[in-house]
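To start, the structure itself, in structure tokens.
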Amino acid sequence: MGDEVLRVEDLAVYYETMKGTVRAVDGVSFSVRRGEIVGLAGESGSGKTTTAMAIIRLLPENGRIVRGRILLGDLDVASLPEEEMRRVRWNRVSMVFQGAMNALNPVLRVGEQIGEVLVEKKGLSKREAWERVKELFRLVGIDPSRAWDYPHEFSGGMRQRAMIAMAIALNPDLVIADEPVTALDVVVQSRILDLLRDLRDKLGISVLMITHDLSVIAETCDRTAIMYAGKIVEYGDTEVVFARSLHPYTRALIAAFPSITGERRNFEPIRGDPPNMLEVPPGCPFHPRCPSRFEPCDRREPELVEAEPGHWVACHLTGGG
Amino acid sequence: MSGRGAVRRRVLVRRLRNFWSLYSSSRLGVFGLAVILFYTALAALAPLLAPYDPDEFVGRPLDSPSWEHPLGTDQMGRDLLSRLIVGTRVSLVVGLAASAMAVVIGSVIGLVSGYFGGILDTVLMRITDIFIQLPTLPLMLIFVAILGKGIFNIVLVIAILGWTATARMVRSQTLSLKERPFVEAARAVGAGDLQILAVHIAPNVVPLIFANATISVVNAILSESFLSFLGFGDPRMPSWGMLLYYARMAGATVNGFWWFIVPPGVAIMMLALGFACMNYSLDQILNPRLRKR
Amino acid sequence: MAEKLLEVRDLRVWFPARTGLLAALRGVKRWVKAVDGVSFDVKRGEVVCLVGESGSGKTTTARAVLRLIEPTGGEVLFDGVDVLSLPKAELKRWRTEAQLIFQDPYESIDPRMVVYDVVAEPLRVNRLAEGADDEYDRVARALEDVRLVPPEDFMSRFPHELSGGQRQRVAIARALILRPRFLVADEPVSMLDASIRTQILTLMEDLRREYGLTYLYITHDLAQARYTGDRIVVMYLGRIMEVGPTEEVIRDPLHPYTKVLLSHVPVPDPREARRREKIEIPGETPNPIDLPPGCRFWPRCPFAREECREREPELVEVSPGRFVACHLAGG
């Protein structure tokens, strides 16, 4: 077992809205080890993005961490003052955003933007920064001569590569990738995923991958946590979670993803809508939609228990309670 | 009763309730509305509230305030309080009518220009530019001098010189609305240009037009007062501006007849302020760029 | 009754490209050939998937077929009627037979309208309802069709009070209320959560059976196409690369582009994902301006030969029902 670069313990993040308190993340625990890609998967409202934003401490104004610890090594960033957090951000934890076009400044050359981060945060000289930018470009598979291009001269895939270069520029312990390939074309998408895996193998970077797409999880992640209504419902080695899913939601979600391989099976749609986060159902939050619910499900909330070594599940069917 | 009627009524009630719950949370808006309602009541009930006939000579000329004439009298011995109360009618009606007319002209030009584009747009917008460049006040005087002092002419002149801002705003809003997918969706079910304009574009612009209209009322009230003050008002209709005109004639400032000047001045200011407050909070609610989630 | 409901022949949609000042002064006119000679047909009751990446022209094709964009050239025959030459009044009547479902249910519904008015609009525009009661009944039935029950609960709701799946159901109800025979669905589930996707796809399949509908289904996702389409049409840069029965194309792609694409589609199975081999190709899809002569795919094709640069391959039938535009596959 490698050492952990991130350990989240009982994290809870609430939003205050005009209509009431939204418990977007409510008691989430997981970890990322060095050189590991961990997936946080879920549908909209599951709390996956809120979890990511809490880790890098970029929550919207009305959101606050009400409970729990976020340990980057020994440092608990959950309670860190913003001033100190600014030193931690990018240096120890960085982020690749979904819309790469919006994350890059359109009037600055791509290489400059990355160089600036290096000068500012790491105190490199301009020349050193430039050398490092070229090296980073080679690492992420962009011709270093394109460092002088503006973002609009880059294709969608190259922009996302540049974002990754920026995210790893300061050798952070953890890179959070929030839907890094959503809205990219298939071939580009698969190359970006390959790149992340390559960087993991070559540099030993650790990645927390936030996505709604289980195919992306299956292609890249070593371990996976499935989230629903602000909770982790299943968590373990990706292969185990897929092959021996224990939670009915995990099973239904996997079945909802069509595949080009294997037999063509029929969809079994999950009934109902995702929960309204202002009125999360009592008991197990999935019970109104669950095909196998039984007596305790609407009254008692199942706890996340270790069903087999390294494989955790929160479901009364597997004795969570 | 048909099911459709029931749905419509339910929707209307919900729309009004939603609007009111947003509007009533704005203190300035409530204040503005209260002011406007006060003046509207005053205008509606003017003949009942006014102690004297505003056109009759009921006292000594240029009397200072007394129990009999709380705001004194003018140079012809007419009761100033009665004239002030009745004057509310003219100021309010002229303000509303002129701004309604301006807003209708501006909206039609803005909608047509923005939606159809092309040469029509170019021509209409050049005309709008010309009207924006024109010096409003001198032109008003010239128009009234030519057309005559009737109250309808005053409304017309204020409207003709006051529609440009609405046209510009409606046009830019229309330009962005017509590119929205729901417009293509309407076309896909067979809707023609006029149907799209009437069903999708106009209702989406109306809130902004509405917000805009309130500021245009302020403009119209001030314009009317200005014209009347200079003696271009309709002599048969006493408005607040006209009160000020008579005050000037009587040399009220030099002679210290404060009761002659201050009440109509405050009345104009308060009504303008009321509409401005309403405009501010409508803008907060209805303008998508300012709206808070 | 002919077997084919829709026949598209040599469809072309060209847009004038924004050129530099110098080129404009010299009078050089360049075109973005978004759709450039596309031919396919859709049989009655069939679901044909138009698959392609961004820039493939799949969405433009869909819009041109419905004449929401005026094509530059070609023919669109719907039940034998030439849609492209219909005068305005008849085009409006024809639109009741062919409807479009949009990608983004958040954008394709007027935010100020309630569900009732959204669904009733097609009836009003075409003056098809006989009075308020008839209109009401038909709106109620359309909402029941898309399983928004009881319909009264939904009629006076605003779009922002519905979930994404419910909005897309409203959009489908609106398309169905005219009782069309043909539906074009432009990525109707790509903005929805996975669990909602399957609900909508199942609904669309049920409706197809119930009302004998024919679908043209636009998607970028081959895996989704496998689960929705009877046949697949693969497009690249405004041209059709391959046409064939879905399962055959997925299991045994003939065109190099289809092969490449399939090898990169992510699969929701970690073991399978590790086993598969990807076919690497250079670059990303270029702009459809100033296309090279020859096959559009050759600059990126791992199997390109000399003739691929010189001659553009025709779409030919290589085995029954399977069409390929590639010199290597006998094109």
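First chain written, first letter: the chains are A, B and C, and each begins at residue 1.
Keep in mind that, in the parts below, contacts are C-beta pairs under 8 Å (C-beta built on N, C-alpha and C of every residue); 3 or more make two chains touch, one makes a residue touch a chain.
This structure is a prediction, so every number in the text was calculated from the model and none was measured.
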Closest chain to the protein CA centroid? C
Which chain's centre, taken as the mean of its Cα atoms, is farthest from the centre of subunit B? A
Where the CA atoms of subunit A average out and where those of subunit C average out, how many Å apart are those spots? 32
Please work out the Cα centroid separation of subunit B and subunit C, and write it as a whole number of Å. 51
Distance in whole angstrom between the CA centres of subunit A and subunit B is 55
Of subunit C, residues touching subunit A in the complex: 53-54, 163-166, 193-199, 201-202, 220-224, 226-227, 247, 250, 260-262, 264-273, 276, 278, 281, 284-285
Write out the stretch or stretches of subunit B touching subunit C in their complex. 2-5, 7, 10-11, 14, 180-182, 184-192, 195, 199-200, 203-204
Which residues of subunit A touch subunit C in the complex? 43-44, 155-157, 185-191, 193-194, 212-219, 221, 238-239, 242-243, 252-262, 264, 267-271, 273-274, 289
Subunit C to subunit B touching residues, read off their complex: 66, 68, 92-93, 95-96, 99-100, 102, 104, 107-112, 114, 116, 121-122, 125-126, 132-133, 135-137, 140, 152, 155-156, 171, 174-175, 178
